[in-house]
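Here subunit A shows up in two complexes: once beside subunit B, once beside subunit C.
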Partner chain A sequence: MKTKFNRDTFRITEAGNIGKFALIAGVAGLAISAAGYLTDSKQFFYSYLTAFTFWATIGLGGLFFTMLHHLTSATWSVVLRRMTETVMATLPMLIILFLPVVLGMHDLYHWTHKDVVEHDAVLKSKEAYLNMPFFFIRTALYFVVWFLLSRTLYNSSLQEDQASSPELTMKMKRVSAPGMVLFGLTLTFASFDWLMSLDPHWYSTIYGVYVFSGTVLAILSFIILLAQYLRKQEILEDVVTVEHYHDLGKLLFAFTVFWAYIAFSQFMLIWYANIPEETLFFDHRWHGSWKAVSMIILFGHFVVPFVVLLTRAAKRNLLILKVMSVWLLVMHWVDIYWLVMPNLHKEGAVVTWMDITTMIGVGGLFIWLFWNRFVSQPIVPVKDPKFAASVQFENI
Partner chain B sequence: MKASAETTALQAEDGQLIAGNPTFHTVSESISRIVEVKTTKAWYVLFGFFSSIALIFVAMIGYLFWEGVGIWGLQIPVAWGWAIVNFVFWVGIGHAGTLISAILFLLRQPWRTSINRFAEAMTIFAVICAGTFPGIHVGRVWVAYYMFPLPNQMSMWPNFRSPLLWDVFAVGTYFTVSLLFWYTGLIPDLATLRDRAKSKIRKAIYGAFALGWRGSHRNWQHYELAYLLLAGLATPLVLSVHSVVSFDFAVSNLPGWHTTIFPPYFVAGAIFSGFAMVMTLALIARKVYNVENFITMRHLENMNKIILVTSLMVGYAYSIELFVAWYSGNPFERFAFWNRATGPYAWAYWTMVTCNVIVPQVFWSRRMRRSIPVMFVVSILVNVGMWFERFVIVVSSLANDFLPSSWHYFKPTIFDVGMLIGSFGLFFTLFLLFLRFLPMIAMAEVKAVLPQANPHYYEPHGNGKEASVKAGSHA
Partner chain C sequence: MSEKKGSIVGILAEFENPAALVKAASALRDNGFKDFDCYTPFPVHGMDRAMGLKRSKLGFVVGIMGLLGGSGGLLMQWWMSAVDYPLVISGKPFFSLPAFIPVVFELTVLLSAFGAVFGMWHFNRLPQLHHPVFYSERFSKATDDGFFVAIESTDPQFDVEKNQELFQSLGAVHIELLKEDEEEVKEEAVLEAV
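Here is the complex of A and B:
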């Protein structure tokens, strides 16, 4: 069944089968992964955490992009706003999908074992932070913040669809300003808690910024793919024009470089200072086949997209952008895999079927939630005062 | 009432960039006049004052060369003192100019046109002040050329693995690109001054620097292309220069210096202090030279927003550093930060936190963002705070290092203080010369953001595209 679109109301009238397919894939993916839990629970939890983080960063990217749009009073991105808003609105739902991580705490996080902590002076000294109750309180707090921010922003945006008013525009700005501060803090501490504490002895102050840089790339890639999917269905093909893709391409390029800058800063400083407790992180990732994964990240996450996206022509070529978005999403997954998995497979990289099924499982449910919400409302903020200007926007 | 306040707020954001509805001619007139009228007495007084201070700087440098770096308050373990603090401080100041000229240009922020010229000038002068300090710190200045990798018969090379050498390249590149960028932007304006010149000699000098600019279509096309390319090249420099400066500290093993967040943290701090300096200069210049129509409240408010954002980034870095020092479980890390906040330099640490993190929070309020006395005070406090930030990083980490027997309290000498003040003398001397001889606002660029610069401005109404082609709406 083909997706149908009403050009006057900007609503998708017949949503097609995407939601249904995504739900089936999600449930099936998780069900098969559950079988993995029965055979190798440790592997299951590590794979699951990787998949969960991947989709959570896309959701967080939606929140970031939406708030940045409001704060900078941008015009060009108005036509993309409802897409990023819907991604953002999906984020709080992930709290339900976080439950397997809670169940797997003991398999994932070394510091949850009381007996280990007792005999480890370093872990003992940070017990005030790394303990289970506080971990749960913090995670709940992150989701509460994300829920409140995304709900307020999303609802105001829908309200604007009825009747636009300066108060609503200002309200979204006002929420976004402190929202951005909260976003920065929650993203940082979530990355410390969920990812960095997998190796509880190791620490790096730039870690939050590193995860953030990947998050922005993930949402940009996701939006490019979504807009191109709609374009193929002849939806918004004259609203999201090549000019918008060009701008998305510029940001994709800029954040590819930003990611490399942050990754290099972290690597170079640790390599140079050569303090054993810090170099261990890279030592693990330079061991056996992990070395190959590290090289894939260096070339795949930076060199290739840098060269490909450098020219103006490439940023205005929808096919190149599509390929690079898929590429960068794959690289984003490899990057998270590289952060998580060496804690389990110390001898070398191992990709199991659970890595794939958990991605399909969490991803299917994420897409299902996203798509159902997306088709239930106009897919652009029609009454935004800058909507017409955004459609006509041109790079000069 | 509330609704109308918000409507005004939004309209202010969308409204004209330049107030007073000037024509192309009045723009040239009001900016060029500043450098064409007879030099005022006040200018001579200020120039005399600041160049005297700059002379003290020169004299002190002479004494330093004669006597050696022992005239500073340096003692082991604090072998790096105010000279490095001043170096980092001045390099940081420069960053706002590059951000305004390069990044805001690429991000299509047309409001930058009113402030970019003197912000870029500030960049160049700040880098000159910065470059002086490592140059005079080397001890044997007569072999300062060893800093450059010059082929020589002794096969002596600088240590390519040292971030100090990377600094030479980073700051050198930065200075060159900033100068080229500034000069490229100046060419059309220099031609305007040439065309307006009344005396032959004036015409010859401005004419030579205008490189034969005729304002033809082809001239403009080349100009725009060069400007865009330079903006693209300068953008990574905004991040790389201060990152390399941060490497000077962060590659070491010293707690308080070695932390991975340093590169982006230093960059944010640099932009923060740079904007504060632009603000201080802009507030004085717009009043003295009567260019309030060009640097309007909207420009000032936007700059205050950037100051607030970068203040929050710096605050984030302070907090994360502090948290991770505790989280590391490493007693040396923990001590370094505990000592900063409660030890002998606690007064400096809390000055830094107050000026950099607490004070700029007033800019959450729109009224404060638009109050000139408030922003003037804040901009100065921010620069005080940012100087202290570098002082805290450099001195407090070194003074209490691994051997408690060698700990001591760093005391600056008269030469430390004199050279800091002297560098300000040099900076303002150069800045006054700039104000006197070059157009402080980019006339050609300002003309391009006037509504009548739009090719459709004189067309009859009703083509349905007016909303989008209004100057300044391409945000």
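Here is the complex of A and C:
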């Protein structure tokens, strides 16, 4: 069944099978992964955390992009706003998908073992922060913040579809300003709690920014692929034009550089100071096949996209953008895998079938939630005062 | 009115709005004019295309300057730290790439920025302290509400009468001659005022 689209209301009238396929893939993926839980629970939880983080960062990226759009009063991105808003609105639902991480706390985080902490001076000194009740309170708080921000922004946007008013525009800006600060804090501490505490002796204050830089790349890639998918179905093909892709390409290029800048900043200080407890993080990732993964990230996450996306012609070429978006999403996964998995497989990189099934499981449910919401509303903010200007947008 | 042909350096026409100016620029482009320029208070969409301007080569200048900066920075540090004055710093090898990256990065950015600014000057023929358009009293409107186009006498098709007719047919609201010498300008160079 082909997707059908009404050009006057900007609504998808027949949504096709994507939602159904995604749901089936999601449930099947999680069901198969559950078998993995029974055979090798440690591997399951690590794979699951990687997959969960991957999709959560896409959701967070949607929140970031939407608030950035409001804060900068951007015109060009109005046509993309409903897409990022829907990704953002999917984010709070991930709290349900966080439950397996809660179940796997003892397998994932060894600071949860009281007897270990008793005999570990470092963990003892961190106990005031790294303890289970406080961890749950913080995680709940992140989701509450994300829920409140995304619900307010998404509902205001839907309200605007009925009748636009300056008050609504101002409201979305007013929410976004403190929202951006809260976003920065929650993303930073969530990455500290969920990822960095896998190796609780080690710490890096730039860690949150590092995760953030990958987050932005992930949402940009996701939006490029979504818009191109719609274009293939002849939806919005004259609304999201090559000019918008050009801007998305510029951001994709810029954040490739930003990611490298942050990754190197983290590495450089640790390498230069050469303090054993800090260097261990990179030492683990420079042993055996982990060294190869590190090199793949260096070249695949930075050098290749940097060179490919450098020219103007490349940023205006839809095929190149599509290939680079897929490429960067894969690299984003490798990057998270590289953050998580060396804590389990210390001797070398091991990719198991559970890494794939958990990605399909969480991803399927994410896409299902996203798509159902996306097709239930106009897919662009039709009454946005700057909508027409956004369609006609041109790079000088 | 002294009509020394040699002292006339161009013909300036004013149009009512950006749309009229874009139309005029397209007409000049289609008629094969080369040495003409448009003056507006703000950037006008589609003007580059209307004037038949090619894409700026500035990007290549910036790219080459950036490469020069980066490789020069690397070469410099290698020469200083590993060849000319080797010094052990915190037990690192003489040639330590990670330690050199910040300088490589900064020099890439610095030379790219120089390339961007000075390259832009070059392509815009700056610094240019004076141009005959500034003798025109009306031309100060170009920073406010005036939309001007000037054909320079270096253009092969420059011809006061023919160009004037062309401008008239395009709906210019004001046409005047541009002269090299301020004294001559004061003698009255206005050809047409509506």
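Here are some notes:
Criterion: the second predicted complex is superposed on the first by the 396 of 396 C-alpha atoms of A that agree within 3 Å, B and C clash if a C-alpha of one lies under 4 Å from a C-alpha of the other, contacts with A are read in each partner's own complex, and residues count from 1 in each chain.
As a convention for this text, contacts are C-beta pairs under 8 Å (C-beta built on N, C-alpha and C of every residue); 3 or more make two chains touch, one makes a residue touch a chain.
This is a predicted model, so every value here is computed, not measured.
In this superposed model built on subunit A, subunit B and subunit C take up the same space, so to speak, and clash.
Judged by the touch definition given at the top, the superposed model places A:99 against neither subunit B nor subunit C. By the document's definition of touching, of the two partners only subunit B reaches A:170; subunit C does not.
In the superposed model, A:204 lies in contact with subunit B only, and not with subunit C. In the overlay built on the shared chain, the residue A:129 is in contact with subunit B alone; subunit C does not reach it. In the superposition on chain A, A:312 makes contact with subunit C only, not with subunit B. Here subunit B and subunit C are compared by how many residues of subunit A each touches, and B touches more. When the two structures are aligned on the shared chain, A:38 is found in touch with neither subunit B nor subunit C. Judged by the touch definition given at the top, the superposed model places A:272 against both subunit B and subunit C. In this superposition on chain A, the options for subunit B are 1-9, 19-27, 73-81 or 343-351, and subunit C clashes with just 19-27. Shared contact residues on subunit A (touching subunit B in one structure, subunit C in the other): 268, 272, 274, 396. Contact residues of subunit A toward subunit B in the complex are 72-76, 121-123, 125-126, 129, 165-167, 169-170, 177, 181, 184-185, 188, 192, 201, 203-209, 250, 257, 261-262, 265-266, 268-270, 272-275, 277, 388-389, 392-393, 396.
Those residues of subunit B that touch subunit A in the shared complex are 2-3, 6-7, 9-10, 13, 106, 236, 239, 243, 247, 250-253, 258-264, 312, 316-317, 320-321, 324, 326-330, 364, 465, 467-468, 473-475. Residues 43, 45-46, 48, 59, 63, 90-91, 98-99, 101-102 of subunit C touch subunit A in their complex. Subunit A makes touch with subunit C in their complex at residues 264, 267-268, 271-272, 274, 310-312, 394, 396.
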